[in-house]
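Shared between the two complexes below is subunit A, which has subunit B as its partner in the first and subunit C in the second.
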Partner chain A sequence: MTSLIPSSSGLEDLPPGAEPGAVPAPASTRRTGWRAMLPSWTPKLAVGLGLVVAIALFGLIGPVLAGDPDTIRNISLTAPSGDHWLGTTQTGQDVLDQLTHATRGSLQIGLLVGVMATVLSAVFGVIGGYVGGIVDEAFSLFSNVMLVIPGLPLVIVISGFVPADQRGSWTIALVLAVTGWAASARVLRAQTLSVRNRDYVAAARVAGEKPWRVICVEIVPNLLPVLASQFVFAVIAAILSEAGLSFLGLGASNSSTLGTMLYFAQNGFALQREAWWWFVPPGLIIAVFGCGLALINLSLDEIINPRLRRPVRKRAARAASGSSRNSAVRSTAA
Partner chain B sequence: MRYYARKFGFYLVALWAAVTLNFFIPRMMPGNPVDILMAKLQQRGGTVDPSVRRSYELLLGADRSDSLVQQYVSYLGNLLHGDFGVSVSSYPAKVSDVIGQSLPWTIVLIGMATLISFVLGLVLGTVVGWKRGTWLDSIIPSTTVLAAVPYFWLALILAALLSSTLHWFPLLGGYDVSLSMGWNWPFISSAIYHGILPALTVVISSVGGWLLGMRNMMVSTAAEDYILTARAKGLRGNRIMIRYAARNAALPSVAGFATSLGFVVSGSVITEQVFSYPGIGGRLLQAVENNDYALMQGIFLVITVAVLGANLLVDLLYGLIDPRTRVSN
Partner chain C sequence: MTTLEVRDLVKEFTLRSGLRRTRLRAVHRVDFTLVPGRTVALVGASGSGKSTVARMIARLEKPTSGTIAAVGPDGTRIKDRHYRDHVQMVFQDPFASLNPFHSIEHHLARPLVLHGRAKGREQVREQASQLLERVSLPVELMDRRPHELSGGQRQRVAIARALAPGARVIVADEPVSMLDVSSRLGVLSLLARLQREDDLAVLYITHDLATARHFSDSILVMNRGRIVERGPADDVILTPQHPYTQTLAAAAPNPELRGRLLSSEPEPQAASDRHHLTYDHEAGRWIDIDAATDSDAAVAG
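Presenting the complex of A and B:
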């Protein structure tokens, strides 16, 4: 796993009561409505999207074009050549064929866990933040506890108790989601707290809207950029943890992911025999995909936190944003 | 005082949650771990007397006449006595002894590496955030690459490059096994030499997160009025950067240290496996491979307690360096 989370710590750790100045007020930018939710088109975003789409296509289409990844040939550990673009494994399997299937497996589990973890964090973060009181106390205590208990050791212990033949992809996905939602819940809670006290939410409440409607219609749309960025984090984290788990031989049985490839490479002494074509590509795919997602996230961060945007002209921006923005700045400093 | 009371209360709850999780996980999972353990124990020539079985049953649960509450109370009692049971994989050693042997390795390695990476990340983040808009901005994308690289893969690459190909560092182990363990210089230097590569892995893969977090806070802080005031007073740039901006911008990173420690520990478990390091992560995996449930649970508890303890320490420190937390709570 990684320390991806601290990059967003600027948001979640503001002193209570301080408005993070985060969700863009529609008046402060010229782009309004749904357009304001979309990141501006920067090279960063373009590169990120390009990398993610390329690898997603590789995982989607690759397995169709590739041969059977399990075919065993009597050419052990051959270097990349015209026949086998990425060489062969110890048992003569084609590394490229394996890579396509493994990429698909990893993406599937990443998406699955990403969705589950984001839903969990939204439930605990948004509802807790909106309802407040004892529910909020309980929910945030729960998510903080989940946060400080180290995730991977817990996952390892759980996987250790489940017999290998009962360890399906869903089990692993569920375990990863349950251990991986807490950090986002904290971020979402902080954002919900700041949105909850806006005038239009109060107006909706006074107008007699039901709580679930206030949450779904008034609050969640404002949290969409944050939700999106937390989802992206969750996908990266899930792919990385699944790879780690499979690398340790504790992943889903019969699954083929980038982690299992690395597991077989390590156990086939690819390292000692300097068969770089076997263990470099799987990690590279994870790294490039994660990097693409992280670049997308940097663009999302700039919607969430306008101060990170490339300064157009500080003075002009400040004058345009008016008093609300300035008071936000001041209360953060206080 | 309320701040500290709250913090202590929180970590007590977290500790209780971890202990309780540890109690319920084996009871919720399919299979009968006690029978597997007893079979293993017999293979190793252990005597299967009822008291051993009883202690395993308390630890792992089994269909017994005791109610769950009674089991829970006895389990807590055993933990308070430091009785984690007997390890099967290194029979007849006690779990607590096995953990005691491997814990120092991990604490020194991971502790040092985390500190180095934290300080390095803060220093680099300060400079990069302060000199925003210069060529230093091009460092930011590379940190995201580093953050997305799987720990263990980086470890594999470093091992392949620096030890298999260049032979600069040893590939496996925590020390030269021909030396006798102890406080003598040949052993310590060999331990340091073996630790460089795993530590490097941890530093490289975690420094990016600190750098990015610190950089973002520096950018925010640089827009504050008091920085403008400091500039207007004509203070030197370096002084403003370090004494005014960095000191405030570092606060969230210190607070976030807690969050990320869990990730660092998680990553290091796998790193230890790659390098066959004699630390607690490697032990945990050995325990899993050998169905050594007692050792597994003991290690999980010890890791959790260590992480909680470190977090508590950081939180207490945070209360000291940021007076606002003491007031507002």
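Presenting the complex of A and C:
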């Protein structure tokens, strides 16, 4: 049995620091601090950000530059021209002017709902998942109940009950947030249950971290991609359902959104009278904005998941090393 | 110097299947003492309750019964509030025990701050770099994140984190089983060196008899929640008494027997009546831990 340790005399020769194959990564590829929080620059992200920023700027600055969207002229349903870039409505209002205000309104509601729904789902999902036991049971039951309540009909009922003159964008946003958080709470709970059992959470507890700090500092950062995607989807869903509500005439009474534009276009028989400039622009803005957010969503995953980031690193490292074969290939390609 | 006394430790888990509940005893009346400057190896197969003991010592699980007490140099029991200043744990998997989101500095700075070892950004950074030096890592790794480090480097960071609160008792739960063979020795030598320097009490949990013998002073063999054999490292491995330890020792590949069929090993004579007993090499006899709390009720070996 003495042969269990073949060369015990050789063990001491190795200094504790000497560890073969433990070469630190080259410093040039490392990202520190807040830079590490940003996704790497990819075409997907660039396109997504470009679309979202363009539409956001359009909604922010547009209303300042545009004229009064409510001005009524005696030019009904004119096609796009030099005077009116996107034509006019049935009552002679400028479509472009309306579009700027409507975009601003929709973005406001989308942002409000996104923030509120994400906070709600994080509170119920993450806290329930981490604490476990009776709290988890209660929170799960509550979110399950919210989940099986059909969203749009409930929104219609609630919106129907609130008198039209009190139905501001805040009311609509609140209703949409309350009906929209449950699904992401379930996703976050599942993810929290998985993260909670990882060793680094146990290690933080052994180090003596308080429960709220374990949640906020150790768990939530690792849920960021999920949180971000839930937020982005909440924004898309909010803009869409708000448009749906307004289209049905149940939207916010005092604000104009892309949905109300479509509502008036529908009421003015824009489709039958082939006034495409009236309903295509608001529809297009909704679609393009959703597309941009989805593209951002895909890039967000790279913040946390190093596995998605590795190919870029490898390429950078290879380029930095500048091996002769690579440079030869590059020169022939150039 | 802190001593860790584990007395009569029992852990039961409740298993639910439908409405039926059964209780599984994962750890049964485990009893040992960790003394400064000495390493105790806890050896056993997967599922024998080794890690449960470690998690109870780290206060991640509550014992069903029994006590775990850290005793200070003056002989008084350390208060619960300060328990974690004295007792820390190194986890098995260095790829899972470091948060991928945070830098190495965060992992070292948090315990320093939490246990009041350093105040202010400058002091924390200085102490963290000292910790990195102690585990033979370059200070430049401070701003890296765990996925940029090798397994051995990560386990060194995990050891540095355990040392950060000024711990005197370290529980190492299979610290090298997830590492490359090439970096195992480095990490184990590091643990041995730190133990010499700081006079640490170490519980080294492993299933590798060879490293257990080399790096520890005494060995506890655990099987199905019980300690079945205990004693000085060489005695336990060279003259195993309990049938389980004998199979464990026989399972280790032996170069002198190269070429012979493993099945030709003589099956250790199973003393089935002794399965529930513990052989104590220091006392030189079998002990029945269920029979009585006193060690008088011993069966002659």
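General observations
Note that in this section the second predicted complex is superposed on the first by the 260 of 334 C-alpha atoms of A that agree within 3 Å, B and C clash if a C-alpha of one lies under 4 Å from a C-alpha of the other, contacts with A are read in each partner's own complex, and residues count from 1 in each chain.
Throughout what follows, a residue touches a chain if its C-beta (ideal position, glycine included) is under 8 Å from a C-beta of that chain, and two chains touch if they have at least 3 such contacts.
Predicted model, so just to flag it, every value in this text is computed and none were measured.
Measured by the number of subunit A residues touched, the leading partner among subunit B and subunit C is B.
Of the two partner chains placed by the overlay, only subunit B lies in contact with A:153; subunit C stays clear of it.
In the superposition on chain A, A:218 contacts subunit C only, with no contact to subunit B.
After overlaying the two complexes on the shared chain, residue contacts for A:205 are found with subunit C alone; subunit B is out of touch. Using the contact criterion defined above for the overlaid structures, shared-chain residue A:274 touches subunit B, although it does not reach subunit C. Contacts of A:49 after superposition on the shared chain: neither subunit B nor subunit C is touched.
Of the two partner chains placed by superposition, A:131 touches none, neither subunit B nor subunit C. Shared contact residues of subunit A, touching subunit B in one structure and subunit C in the other: 1-6, 8, 14-17.
The residues of subunit A lying in touch with subunit C in their complex are 1-6, 8, 11-12, 14-22, 24-25, 27, 30, 32-33, 36, 198-200, 202-209, 217-218, 221-222, 224, 304, 306. Residue ranges of subunit B in contact with subunit A, taken from their complex: 10-11, 13-14, 17-18, 21-22, 25-26, 29-31, 33, 133, 140-141, 144-145, 147-154, 156-157, 159-160, 164-165, 171, 205-206, 208-210, 212-213, 216-217, 219-220, 223-226, 251-253, 255-256, 258-267, 269-270, 273-274, 284-285, 287-289, 291, 293, 296-297, 299-300, 303-304, 307-308, 311, 324-325, 328.
Taken together, the subunit A residues at the contact with subunit B in this complex read 1-10, 13-17, 44, 141, 144-145, 147-154, 156-163, 166, 183, 236, 240-241, 243-244, 247-250, 262, 266, 271-272, 274, 276, 279-280, 282-283, 286-291, 293-295, 298, 301, 305, 307-308, 311, 314, 329-330, 332-333. Across the complex, subunit C meets subunit A through its residues 55, 58-60, 84, 88-89, 91-93, 96-103, 110-111, 114-115, 136-138, 140-141, 143-145, 147-150, 152-153, 158, 161, 164-165, 180, 182-183, 185-186, 189-190, 193, 209-210, 213-214, 237-238, 249, 252, 254-256.
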